[in-house]
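In the two complexes that follow, chain A is the common piece, with chain B as its partner first and chain C second.
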Partner chain A sequence: MSGIGFGFAEGRKADGSGARRALLDPRTKIALLVTMPTVLLSGAGGSHTAPLAIVFALVAAALLLSCGNIATAVFGILAVAFTQALWTLLAPLASGGAYMSLYLMHGIMVHLIPCMLMAAYAVSTTTVSEFILGMEKLHVPPLITIPLSVMFRFFPTVIEEATSVNDAMRMRDIRLGGRNVGKMVEYRLVPIMMSSLRIGEELSAASLTRGLGAPTKRTSICEIGFRAQDIVVLTICAFALVAVFAIMFGLVS
Partner chain B sequence: MDKESTRLNGKDLINVGIFTAIISVMMILISFIGFIPYLMPTYCIFMPLLIGIPWMLFATKVNKFGMVLIMGILLGIVLMLTGMGWYAMPLCIVVSLIAEFIMKSGDYKSAKKDILAHGIFSLWVFGSYIPIFLTAEQYWADRGSYGEEYIATAMSIFQPWLAPIMIVACFVFGVIGAWIGLKVMKKHFVKAGIV
Partner chain C sequence: MIELKNINFVYGSESAELIASMDKSAAAQDPAADAATTLDAGLQDEQAAPKALRGDSSDADGRLHDVNLSIEDGQFVLITGPSGCGKSTVLRLINGLIPHYYPGTLNGEVKIDGVDIASQELYETGLKVGTVFQNPRSQFFNVDTDSELAFACENRGMDPGVILDRMSATVERFDIESLMGRSIFRLSGGEKQKIACASIDVGDPRIVLLDEPSANLDFDATMRLRELIRLWKEQGRTIVAAEHRISYLWDLIDRAVIMSSGRIVADLDTPESRQLSDAQLAELGLRTTTPESPSEVELPAVGSDDAALTLNDFRFSYRTGLFAREKERRSKTAEPTIDFSGTRIAMGKVTAIVGPNGSGKTTLLNCLCGLERRCKGTIDLNGEACDRRALRGKVFMVMQDVNHQLFTESALEEVRISMETNGEQADDDALHHILAQVDLDAFADRHPMSLSGGQKQRLAVACALASGSDILLFDEPTSGLDYRHMQQTADLMKGLREMGKTLVVVTHDSEFIRSCCDCTLAIKNGRPA
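Presenting the complex of A and B:
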């Protein structure tokens, strides 16, 4: 299934050009993708996670820099720094509604942006082949791996289809606050699902020709394996998880 | 039935992936209304209601055991990745398994059973609220820095009596949503020859 990646990175071409070996093992990226929302978004560690948010934002930004996505990295770091500064300077002065909106903005930005940066890095540097190989090494059955990779592959497609349908419907004044609010949902969802299904049929046919679901063991030319940088990142993840669980179960205050 | 036709093949797995992607995008879009704390409990209304439409279309593609269960597991993973916590995962597995058995009892052909199954399946929406209710004391104690006002607002919304109401709302609107989905499907997809 490599090569048709839309959200996923492009796979290696037959002549050896294309993606070179990524900095991190796909399993390390999965660990980061699971750890970061658990630590930052689920609220498990309460207000103690603020320093961890900064650490993870820096890790994600460094990874983005390593793969050449400088614009996203700089934007992310500036956004986190700006919100953090605004919070530190203004929070003691504000009260009531102003405090609440400031609080919400700070909480959402500082915790959400590192996760978004990480997701951008993980998706743009992992090929479908690498992802499937990593999941195989983790002994995840193909019953989960295949739908999961299709799902990630499909997110950008659904969003793209939704945007174009949205434009078409706006032209016909079928929008929130327009004259046909009742039809808004129906007239959007139905075309999106129709086109998604059509794309899905083509994807099925293409993947089946490439031997998806064949009863033999899948082979891959991707090289994956843990290296020094993986160990560093995994250690940070483990530390963060232990810290959060310790706080959650009241071992440390 | 012989073994080949009861085993999930590549096409089935791809269908599960596509529909989970559609449902997840809808879930993420709807969850933006939660930025206004007062509207957070209304997830239980909007999500089951709107997701009923893709659900009924998905139900026409399901004819083997396991597809609904895999969708439940994937939804649990999406909820985990979007920071709703790991509480949602066991709930997703249980409700999708029940939904799976309901649909299987109708041989995956009964529209009524599909609608009922969506009512049960919709209970996954409640997954993201579990920590708020179960560990309410600690949940808000950890958030001392939020300011008195925010906590007072949030606690006044999430009273313990709200939990059963929200669970019932998930089920009721899940059934209504799937019923609307059936109407929409008959109107559009059957006519277009997709189903």
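Presenting the complex of A and C:
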């Protein structure tokens, strides 16, 4: 999955007035991020969720296309289509171990990929500001929102650190040979943890000097709010949840 | 008006005390190290007093003794002095991070316009005081530039319309239209510092604090930073800057406060500061006051008769599009395709690689030490063409952030794994001998992370020696170093040169180039200039 990465996707320029708006409200994205794993990964709906998986894969791919991440969208859709085709064509012919592995592969790919696509979309199009505002409107207390919002920055930074440490290991040609795995993990983790701690400390200091944590009610230059596209997506989510629970409680067979 | 009265301060928390006590026990075990055969001789005082070191090595100690300072409105004050002299501590006292964030024992009082900083909350101080920090990786809360600019004002609960007006004013004044709507992760170091300054500017603080803002910047970016600071000065803001690299600010300042070991040792107004001689500057542990671009330092290019290693087919470009990894997506705008086919690097000498940020210097180093798998180039070494695999073990890179390449629990262990990777039997005598060569024998049992910045750098060099590398690459070895530490690094280079090593140093530091480099290789757009 080449295109999945943390960080805000570029390409949307601020217009003259400054305020920009993402396609979806951050709350809609959160709804999708909660609904999709619930429906697809919990196993609640049994094998009946396969059509829902296709719908969600298409929704996530469409969203990725809308923000210009064509590579990930195409890759995801092809992967789902390929597995689905394989399943439809080969499942009737296979038996025993072959059937089992086909079943597992199909189950995992078709259910997991839509969630990954959605996660890629949500992380790459939501700014920290929008996220905080969305959570505020959902009446989530800052005690939960602020640490979560720091993750947006912290994970990519830790990934950068880990990449550097990995490079250093390769450069010094330190490999597994002869040494136990525990040591190797330790060698990697110690420098990453040390620099992550330092970065975390500096990050907090910088944010505090700029008024984070003030008791004043925070304002935002972002505009969020539900529009037609949000309603469509939320309806799909609601339908999926209702359908899955209906199946689970035996209301529909 | 900023007033510091009779300030005494010592950093202190449980963890710091723990490290300090570890140091004491380590120091007790240290044998007298002065007899060791050493690469550089200027380290005795550092050895004599191994200090408690916190996470950041640049301001290792940072305690203050009897500091009295009052700064008039509209003054531009430069606070400078050797590492650990307490200049960052002074800034932290003014912005309130001490005592509100960094724990310690504080006596005396800090007042801004008569209001005691210790008695008001950080966000209240933040209305008047804006701070630009040293590390561009850790001072942004947001992931996009627009939100970052708005951040401080949003926290104050200002009207969005007013924030947007202020933002457009700042964007215009700082000429950063092209940086708006971008991801913070895809900006260069210089661009990040511009955004950091802009985000302070939107908050419109009367007092601006700058904590080594140029530490990670090249010469051109530093000069652009200078222009932003000049804008603030013209607006009549009070500016307090803590810096090692004083040259780019020297003709803008109204006053220079020079510190040493937590005390103010000199307080000079502009005419006085102009009269400082080079010898006096060196004595105070200060860097040069004359800005000079590294590409203007005249050194010979490698001669055609000199012994040299030649790069063959040395081309590399980051992939783009579908198959690019995230790392490549990030760097593709910053680091272009490089082509160094036929470039020669003098053997047994120190070559400085100079050029603006984003010209491919780091990419070249990565290719030289075999980190880029798809770089198919070879290096002609004594008539033998070495490819990426063959270069492993022959080339060693000391990274800009040395913390990334030290993994183990002790300095000795660190050298041991390098020696074992080299396939040699590592007995303790040999290991101690190598540590002694870089003057670290007394620190053999110390945890690498508890060493100072300079010591970590020397430990990385010890690993290079242990792995039998003949070619050593250094990425910005003197960024953020004061005069004395810069000289120590220069001495280290000279010592390695005497051992017959070939050194390639990427650097922006003209003073350092003058101290120890033999040749320069200027780079522009991924090619020799």
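The criterion applied here is as follows: the second predicted complex is superposed on the first by the 213 of 253 C-alpha atoms of A that agree within 3 Å, B and C clash if a C-alpha of one lies under 4 Å from a C-alpha of the other, contacts with A are read in each partner's own complex, and residues count from 1 in each chain.
As a working rule, contacts are C-beta pairs under 8 Å (C-beta built on N, C-alpha and C of every residue); 3 or more make two chains touch, one makes a residue touch a chain.
The structure displayed is predicted, hence computed values, not measured ones.
Between chain B and chain C, it is C that contacts the larger number of residues in chain A. Of the two partner chains, chain B is the only one touched by A:L33; chain C is not. Contact with chain B, but none with chain C, is seen for A:L143 once the two complexes are overlaid on the shared chain. By the touch criterion defined above, A:Q229 reaches neither chain B nor chain C.
Applying the stated contact rule after C-alpha superposition, one finds that A:L212 touches each of chain B and chain C. Of the two partner chains placed by the overlay, only chain C lies in contact with A:R170; chain B stays clear of it. Once the two complexes are overlaid on the shared chain, A:Q84 sits clear of chain B and of chain C alike.
Legend: residue contacts after superposition of the two complexes on their common chain; A:V185 is shown touching chain B, with no touch to chain C.
In the superposed model, A:M194 makes contact with both chain B and chain C.
Look at A:I221: by the touch rule set out above, it reaches chain C but stays clear of chain B. Residues 149-150, 152-153, 157, 159, 186, 190, 194, 197, 203-204, 207-208, 212-213 of chain A lie at the contact with chain B in one complex and at the contact with chain C in the other. Taken together, the chain B residues at the contact with chain A in this complex read 8-11, 13-18, 20-22, 24-25, 35, 50, 53-54, 57, 66, 70-71, 73-74, 77-78, 80-86, 131, 139, 141-147, 149-150, 153, 184, 188-189, 192, 194. The part of chain A that touches chain C in the complex is made up of residues 2, 4-14, 16-20, 71, 75, 127-129, 149-150, 152-153, 156-157, 159-161, 163-165, 167-174, 186-188, 190-191, 194-195, 197-199, 201-214, 216-222.
Chain A contributes residues 33-34, 37-38, 40-47, 96, 99-100, 103-104, 108, 111, 115, 119, 142-144, 146-155, 157-159, 162, 185-186, 189-190, 192-194, 196-197, 200, 203-204, 207-208, 212-213 to its touches with chain B in the complex. Chain C makes touch with chain A in their complex at residues 55-56, 95-97, 100-102, 121-123, 125-127, 129-131, 133, 135, 137-144, 146-147, 150-160, 163-164, 167-168, 180-186, 199, 203, 321-327, 329, 366, 369-371, 392-393, 396-397, 399, 401, 403-408, 417-418, 421, 449, 463, 467.
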